[in-house]
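Dropping the structures in below, format is structure tokens.
Look for chain A in each of the two complexes below; its partner is chain B in the first and chain C in the second.
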Partner chain A sequence: MAFYNKIIKKSIWVFHVSASPCNNCDIEILDLITPGYDVERFGIKLVGSVRHADVLLVTGITSHKVAPRVKQLYEQAAKPIFVVGIGTCTVGGATFKTSYNRAGAPLDKVIPVDAYIPGCPPKPEAMIDGIVKLLGTLK
Partner chain B sequence: MFLEYLFYVLVFPGFLFASVLGLIVGWVERKVSAKVQFRVGPPFFQNFYDVFKLMGKEIVLIKNSPYFLFIIAPIIAFASVTITATLVGMSFFYQVGFGADLLFIIYLTVIYSVSLIIGGSSTGNIYSSIGAGREMKMVLSDEVAFILVLLVPIIKAGYTINLAQIINFQANNGMIIGSASGIIAFIIGIICVQAKMGMQPFDIAEAETEIVEGPLMEYSGPLLAFWKLSHYIMYVFFPMLLVILFWGGANLNSVGNVIASIAKYLLVVVLLILIKNTNPRVRIDTALKFFWKYASPLAFIAVILAILGA
Partner chain C sequence: MSKCRIPLGPFHPLLEEAEFFDIKVEGETVVDIEMETGWMHRGHEKISETRSFTQSIYLVERICGICSTSHPFACVNAIEDIDNIQIPERAKYIRVLVGEVERIHSHLLWLGLAGHFIGYDTLWMWAWKYREPILKIAEMISGNRNHYGMMRVGGVGKDFDNELIPKIHPILDAVEKKMVMLSKAAKDDPVLKSRLKNVGILTKEDARDYCANGPTARASGLDMDVRRDDPTAYEVVDFNVITLPNGDVYDKLVARVLEIIESVKIIRQCLDAFSKVDGPVKTEVKEIPPGEGCGRYEAPRGEVFHYMRSDGTNRPIRHKVRAPSFSNIPTYKASCVGIPLADALITLAAVDPCYCCTERSIRTVDTNNNKIDTDLLNISRDKTQKIRKDFLKKAKTPVERIFEKS
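After this line comes the complex of A and B, so read on.
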């Protein structure tokens, strides 16, 4: 298993789950995959289908309407799968912390989360750092 | 004799060699694309990591779907692509033909498309179904032009479908690309290969940004790895086929000839990649119109020129 972990670290296909965000983190994620940061250097690739994904990047507060969908996406993904919560919304709710419509408070209540990257929004550098730290826990 | 053939299919021009070379050429593709976009690009072993990672992931099967077709489609595609790589590799490296090579290649490349259609339509996913339908239309549009392109070297080399005889003809009478019909057929051939491989101007069936890889959408784990490997192996044999048909094949007698052969192969590969990177995806009706209205008549003119001896 150690050898497989070594390989999976070098080939991370990322799926972007937009769970009722304010679009700020989503724009930063799109910024992350532009040529300026070039995450393909580390083997990180954005894929369109959850079946191909290794990491789910979840943004937003996960409202009651979208929570079952997020759970369904997690169940549909091919295991092993990691979940990364992007932005303060997934941890503490940021601007929406007193909202009545907050199922993911924090996101752990909906699906198991491996790492949080707080920030409103986090910079692409912070996201790369967070994902690298998550992969560093793999032995 | 049997062991010798097994070696050809499984090791040298076949499965092992084609897979490794395909993954390396896949790296060349990603690196050149990165350079075009002013990026650094992935490390050398990136495609090996990707395929190995996919091999260890879970296969998700869809409830209420024909599992058998879903599982068998990538395996059929991989087998047909591997056998084509063996056939083309044999004539590329050893100058050996098996008789009806080109006929066989036409059939095997269609089998890849057919298995893509079967795999895509067996899932019941809407995007996969759209992708399968588009793949069907792509087969209809590029097949005529591709067969007409293959006819030009066949006619030039004296009505033979044996790849070894085509190479022999070119060794004695000069390369086919040097003639008027040859150059037209080569250009149309490059475009047809682009469509056959599902690359950028004609990646209509697997449009990643539009219908999320179409037929491959529901595939995960090892089955997806088989699809990816098949796609990379196509990078091996299609440029080799074009080099054999129009550029006199490979010659491995001296160091200079080996370098020239590799250069010819890489030139065709890089040409395909540059076309891929500089052209946006076209609509399915545009592609169909292009192939039926312009590419096929041009290829037909090339065939007539070849019959007249130009």
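After this line comes the complex of A and C, so read on.
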């Protein structure tokens, strides 16, 4: 595990799961990989398949319809996998706290989560900071 | 040749949001397309009934992160329509300014994603690079990059700082220069032209039949724009409505690039006006009387419609939202059928669909989670029949009426 952790710190590949968000966290995630912030210089890369990913970035309140699919994605991912909940929606539901279609708020109810990055939406700087802090906990 | 079914989604590497397409193909050609939505449903309309009017503006802002001014704009229009509230002139300019900043960033976002969909990542990176300064403008004006929180009933929540004017002008100049460059490049670039020209054509008749709106309709030659046709704040500025004749993906791209240039012009007019127009930015609204109101606004994707009903308390008793993608998405049936599969995806993306905005639907289930097939039309017709029967029992027949008179 220590060997794996040493490697994963050099280059983490992320997969983006949009579980009923308002699209805002999603476009901020995409903003990260475009020239404004360009996290590819740190080896962070957005990948197309969950089987290649080291980190799952989950956004949104996870509605009842999408929750089984999110669970399925988590099961399909190669372990160990780290889950980061992005946005206040994943933490406590934000303004959708009273929604009838809220399966995962907090996201822990659906899949195990390693880190939360609150904010509506969190700034790209905050997202980079959150991922770096998560990697700092790896021994 | 036998039909083949290609499932796409809900979590697909290319699609930002979770949605499911069921594409039927014969060889390479798409013959039918079905889609399933509902992954993003969060129940805004129901939550809105538990919030006060000001809180519901905050809530509708979170319907969609990209159109995060369009929904509040239409919502405050609806609330102001209940009591005919007039807003100060400076507030109108601020509303227009924020709305147009959002339009530029939304169109640039689509432009980048369209480039990504056709495998032209250079365009993606360029467009998103030019988008970054626009988000900086939004941050300077409102304090946040995406959710602005500017709209209030009777005006705006925050005054515009006149000292920002000299800072915003150079950014606009740079963006306009790049957009003029991009519109020329789109005309000259052989890759873009051969990939997008005559792909996914939506004819004028089809656009009208499917009730398309926004840039999708304007690129098909339908001359409609809520900003011009039913202005609530836009009467203070001059602008042209971009209309293009062909209806293919290329025209939709060019229409959006030209709209960005128009938006830059509108923002310049607002900035010039701020130094002249002074005064309050909000009318004090004590209470909302009972009544109902409609609000419309031209979002970057088309017309967004809000309906509010008030019973005199501080909460709406009904709040209905209709987003532009709701009527733009069914145009796939007209534009996607008969084209090669490789072109299908860019045609799907060409209307700039926003599934977060669209998904207001609800499915009724019983306690065992089985779907109840409630046909609303039949229920409605049954009720009419029942009322008619009851009425006829009480009412007198024509023969009885004749005897009554005599």
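Operating definition for what follows: the second predicted complex is superposed on the first by the 139 of 139 C-alpha atoms of A that agree within 3 Å, B and C clash if a C-alpha of one lies under 4 Å from a C-alpha of the other, contacts with A are read in each partner's own complex, and residues count from 1 in each chain.
Following the convention adopted for this analysis, a residue touches a chain if its C-beta (ideal position, glycine included) is under 8 Å from a C-beta of that chain, and two chains touch if they have at least 3 such contacts.
Treat the numbers as computed from the prediction; the structure is a model and nothing was measured.
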Between chain B and chain C, more extensive residue contact with chain A: C
Partner chain in contact with A:Ser63 - chain B first, chain C second, else both or neither: second
Chain B versus chain C as contact partner of A:Ile8, first or second or both or neither: first
First (chain B), second (chain C), both or neither touched by A:Arg51: first
Chain B versus chain C as contact partner of A:Glu40, first or second or both or neither: first
First, second, both or neither for A:Ala78, with chain B first and chain C second: first
Touching partner for A:Cys120 - first (chain B), second (chain C), both, neither: second
Intersection of the chain A residues that touch chain B with those that touch chain C: 35, 47-49
Chain A-facing residues of chain B, complex: 30, 34, 37-43, 45-46, 49-50, 52-53, 56-60, 208-209, 212-213, 216-221, 224
In the complex with chain C, residue positions of chain A that touch it: 17-28, 30-31, 34-36, 47-50, 60-61, 63, 65-66, 69, 73, 94-96, 98-102, 120-121, 123
Complex interface listing, chain C residues touching chain A: 10-11, 13-14, 16-18, 38-43, 46-47, 50, 58-59, 62-66, 68, 109, 112, 124-125, 128-129, 131-132, 145-147, 354, 356
Of chain A, residues touching chain B in the complex: 4, 7-8, 10-11, 35, 38, 40-41, 43, 47-49, 51-52, 54, 76-80
